[in-house]
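Letters are used for the chains, namely A, B and C, taken in the order the chains are written, and counting of residues starts over at 1 for each.
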C-alpha cells in the first residue's frame, strides 16, 4: 500500500505532429515517479520536463481524470488503457509498473480513428454512429409522468449496465478487427431494454449498424477482447442482443 | 433485404450459418467414422459408408455441403481481409493474450490449417471413393457388393505413422476451431444472453473436446492396436 | 442601479412563472427558422438547451472544447438529481424543495428563481425517463429515491453512482437527434475565445479550432453560455482538467456582470490530496454519507499513530471514535449540508485529529452499514464508487474506512442573469453552473443537475423567445462586420502575445502557484488579512506569468499548452475578483466563511442587515478596479433565520 518511488522509467511513445505527418516512436526517460501517481500525472511530469528542455510536449486526450468522461485513451504496453482491468487510462496508477521498465504508449489504432496529433485520435465516427439512431425520438415537454410506465427492476439494471458505456473506444482499440460492435451494442441494448426505447428498437439497430459499416470499422468475431478491456466491463451479451435486434429489423422488412 | 448480406452483421451471419451447418456435418461424419474402431472386421463401417454413398438424401446434401464449405472458407478470407484493413497501422507492442484466447483470434489460421488437412483428406479418401472407386477392393456384405472403404482407411492408418499423426493434429485443430466457432455461431445469430452465453461456451468446449477426441482416437486406435 | 433589472414577475411566488410565461412573447415557427442561436458548452445545460431550441425550430450552433459533447463535466456528477415528486409520500412538495434550496443556500439566492427551479423539477424527471435514462427502480417497477445532505425527505433520483452521466447522455442523445436532422450544427474541439457585441447586442463568438489552431467567426441572433464553473482557479479541484471559466470571463469583459464570485462550494467527501504530483481531486459522492459514518479518533495519540502508519483505523476501538458530525449536529447527523460538513472536517484536522500522513483526512466508514445491510446492498448502491476509490488509493473500502477531505467542487457564483437568464448584455444568456442564479451561497447536493436541466429544457426555451421575438427582422449576423474583425484581432493578439513570451516555466507551474494562494487564502476559511495578501500575490504571479511562461509547439496546430495558458491567464483575473468579492462580503454565509463573522459556537454567522444582496461586478478595463453593483435580495416567503442543522 505504501507508495514507492520508481527511480527510472523509459517512455517509448508515438509522436506524430499532425494527421498528415508520418509519425515515429521516440523514447524518453523520466525519474522519480511515485507509485501513487496516476499514469497521466506521470505524463504531465514528463511533459513539463520536455517543455523545459525546449521540446514539444506529448499531446494526449484527457479531461475528467476520474474515469467517466471517456476522453483519455492510451494504448499502453499492448493493452487499451494499460495493464489493469476496469480502468480508464486516467485511473491507471504507476503502482502497476516496475522500476526501470520501458513503457510503450501508442494511440488507438483504427481506420475509423485517424490520428490527429501524437496520441490524440479523432473519434468522430462514434458521434456519427450515435447521431444515426442512438436516441429516443421525444421532444422536450409533453411526456407522461415518470411513473406512468413501470420498468422491471431487472430491465432497468440491465439497461444501466449497457448505458454505463463512456464512449472511450477501448473496444475498438482492443479488438483485433477494430470493430465497434460493443459500442453500438451498448447503446442499442441500453435503449432496447427500456419500454420507452423499444418502440424504435428496430430502426435504431438498422441505422446504427449501417453507419458503423460505412465508417470503416471491422466486423465482430466474438473474441471478447472488448469486454475484457472495457473500463466499464460492458458485456458482449449486448452484442448478441444487437445481432438479434438487427436480424429482427432486417427480417421484418 | 438486399443490403443485408453486405452489412457487417449480415456477413457474419453467413459465417455463422455455414459454420453451424458444418458443425452438424462434423457430428455425423465423426459418428460414422467411429464405426471404424467398433468393428475390426470393417463390416459396420463399410455398410455405413455404402449407405452414405448411395442414400439419395445424402446425395442431395453432398453438393450443399460442398457449397457450405466453399462459402465458409472463401467468406472467411474475405472478411478477415476486410477486418485486417480496418486497422491500417498496426500496434507496435501487442499483448492480446490478456484479453482474448489465441483460438478466438486465430480462427482463420486454424481454418486455413484445417483446409490443408481437408485437401489431403479429400484426396486420400473422398476423391478415391467418389471418382476412382475402381482402384478400391470390393467386398460383399449381406449380399450387397460394395467398395471396401474400411480397407482404404484402416490400411492407411496401419501403414503410416506420419498420417496417423497428421490426422490426430487435424482432429485437434478442428477441436480448437470449434471451441470458439460453436458458441460464436449462436452468438452471432443473437441466440445468447447473459445466462446462455456461458452455457453455450461450456457446451462449445465439450463439443470441441468430443470432436477432437472422436477424430483423433481413430488413427491412434489403428496405430496402437496394429 | 437601474441597470440591474432582475425582471422578477409580480404576483404571488407560486404564480410568478406561469404568469411570466403568459406575458412573454413567442416566436412563430416560420420565424424561428430564420433565427440562429449559439450555445457554448454541451453539459447538462448546454446540451439540453441546444436540443430543446432546435426542436422548437431555431438554428443552433453548439460548441465544446472536448472531442464530443458527451464529455462535458456534467458527466462526472455521481449521486443524483432532486425533484419535488413526492413519490415517497414523505410530505415533499415544490415549496419544501424551494425552502430547502433557499435555506441550504443560506438565504443568498433569489426566491423567484429558486421557486421556479423547484416547480419545473418534476418535469425534468418525466423528460429524462422518456429519453431513456435508466434511473434506479424498485422491484415494482417504479422509480426509487435516496436522501441527500441538508434535507429531511428522499427526493433524489439516481442512476447508480453515475446519474450525471446518464442525464447528460439523455440530453446528448436528444441533441444528436437534432444534429442528424440538421437543426444543430455541432462544433467539437472548438473553444470560444470571445463574444462579439454589435449595437449593444450579443451577435456571435470567436472560437479557436483546437485541431488546426484556426480562429473562426460565428454569428447568431443570441448567444447562450453554458460553460460551467471556474473551480479550476484552485488548480486542484474535482473539475475536469479542461473545465475553465474563460467563456464566462470573456462575457464579463464584454459587459456582462459577474455575480457572487466568492461563492465556491467545497465538497466534504473527496479523496485527499496525496503528495505533490497530483493533478486533480476525485469526488466521492455525497450519497455515500447516507450509509457512511464520518469519524476521527477521539484521542490525539491515536491520530498521530495513524499518521505515522503505526496503527490502522480498525485498531481504534469503538469508544475512541469521534463521530463529530453526529455529535455536533444530532438532527441531520452525517447528512448536514456540504459547507457545514467541510468546515467540520477542517476543524477536526486543524485541531490535530487528521488521519492521513499529511494530517488532512477524516474517515468515512461503511462498517456499520455493511453490518446492518450486508455487503451486497452496499455494493449495489455504491459499487462503482468503491471500485474507483480502490483503484486510486489501493485500499479496499469494504474492509477499511475511506479517507476523505474537502475539495473545491462547484462555483455558485457566475455570470449575473435576470429572471429570463439573460445577462446584462442583451442577447447574451448564461445557464447552468455558469450563471449565479439558484444556489445562493451554498448548493445542496443533487441540485446542480436539476438546475442545469431546468435551465436548458424548461426555462431558456421559453424566455429566449421573449428576446428573439424582437429580432425576427434582424438579418443574420454579418461575420465580416468590423466588430468581428476587431474581436478576432484581439484574440489573435492575445494568443500571439502568450506564445511569444517564450519564458522558462510551463503553465502548470503558475497554475499550481495560483491554486495554493487560492486554497490558503480564498478557500474554506477567509479573513481580511489573508484576502488582501491573496490579491497582492495573485497580481505578482500574474505578472510573472506574462513574463516567464513558456508555450511550446505551434500556434496553428493542436497545442494543449496554449489552450491551458489562455485559461490560466483568465484564472488569475478570476481569482483576483473572487478575493475582492470575498473581502467585500464581511459576513459568513454558506460556503463563504469569514473568520471575522462567527457565532459563539464557531458556526458561520450571516449579516443580513448589511449583506442581503447579490454582489455584481462590472468590468471597467484592464488595470481598473471593477465596480460593485448590488442587487438586493427580497424575501417575501421565507423568514431569514440562522441556519441550524443541530
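Here is the rule we use: contacts are C-beta pairs under 8 Å (C-beta built on N, C-alpha and C of every residue); 3 or more make two chains touch, one makes a residue touch a chain.
These numbers come from a predicted model, not from an experiment.
Chain centres defined as mean CA positions place A nearest to the mean of all protein CA atoms.
Distance from chain C peaks, on a Cα-centroid basis, for B. Averaged C-alpha coordinates give centres for chain B and chain C that are 62 Å from one another. Centre to centre, using the average C-alpha position, chain A and chain B are separated by 37 Å. Averaged Cα coordinates give chain A a centre that lies 26 Å from the centre of chain C.
Note for the complex: chain A touches chain C at residues 1-3, 17-18, 33-34, 36-38, 40-41, 44-45, 47-48, 50-52, 54-57, 59, 61-71, 84, 86-87, 91, 93, 95, 116-117, 120, 122-124, 126-127, 130-132, 134-141, 143-147, 149-153, 156-157, 159-160, 163-164, 166-167, 190-191, 193-194, 196-197. Note for the complex: chain A touches chain B at residues 14, 25, 75, 77-79, 83, 104, 106, 109-112, 158, 174, 176-179, 181, 209-210, 212-213, 216-225, 228-229, 235-237, 239-247, 250, 253. Of all residues in chain C, only 48, 51-52, 55, 66-68, 70-73, 75-76, 85, 87, 122-123, 125-132, 134-143, 159-160, 162, 165-166, 169, 172-174, 176-177, 179-180, 186, 188, 211, 238, 240-242, 274-275, 277-280, 282-283, 309, 387-388, 391-392, 394-395, 457-458, 461, 504-506, 508-509, 550, 552-553, 557-558, 560-561 touch chain A in the complex they form. Interface residues of chain B facing chain A in the complex, by the touch rule stated above, are 1, 3-4, 6-13, 79, 82-96, 98-101, 104-105, 107, 180, 183-184, 187-194, 197.
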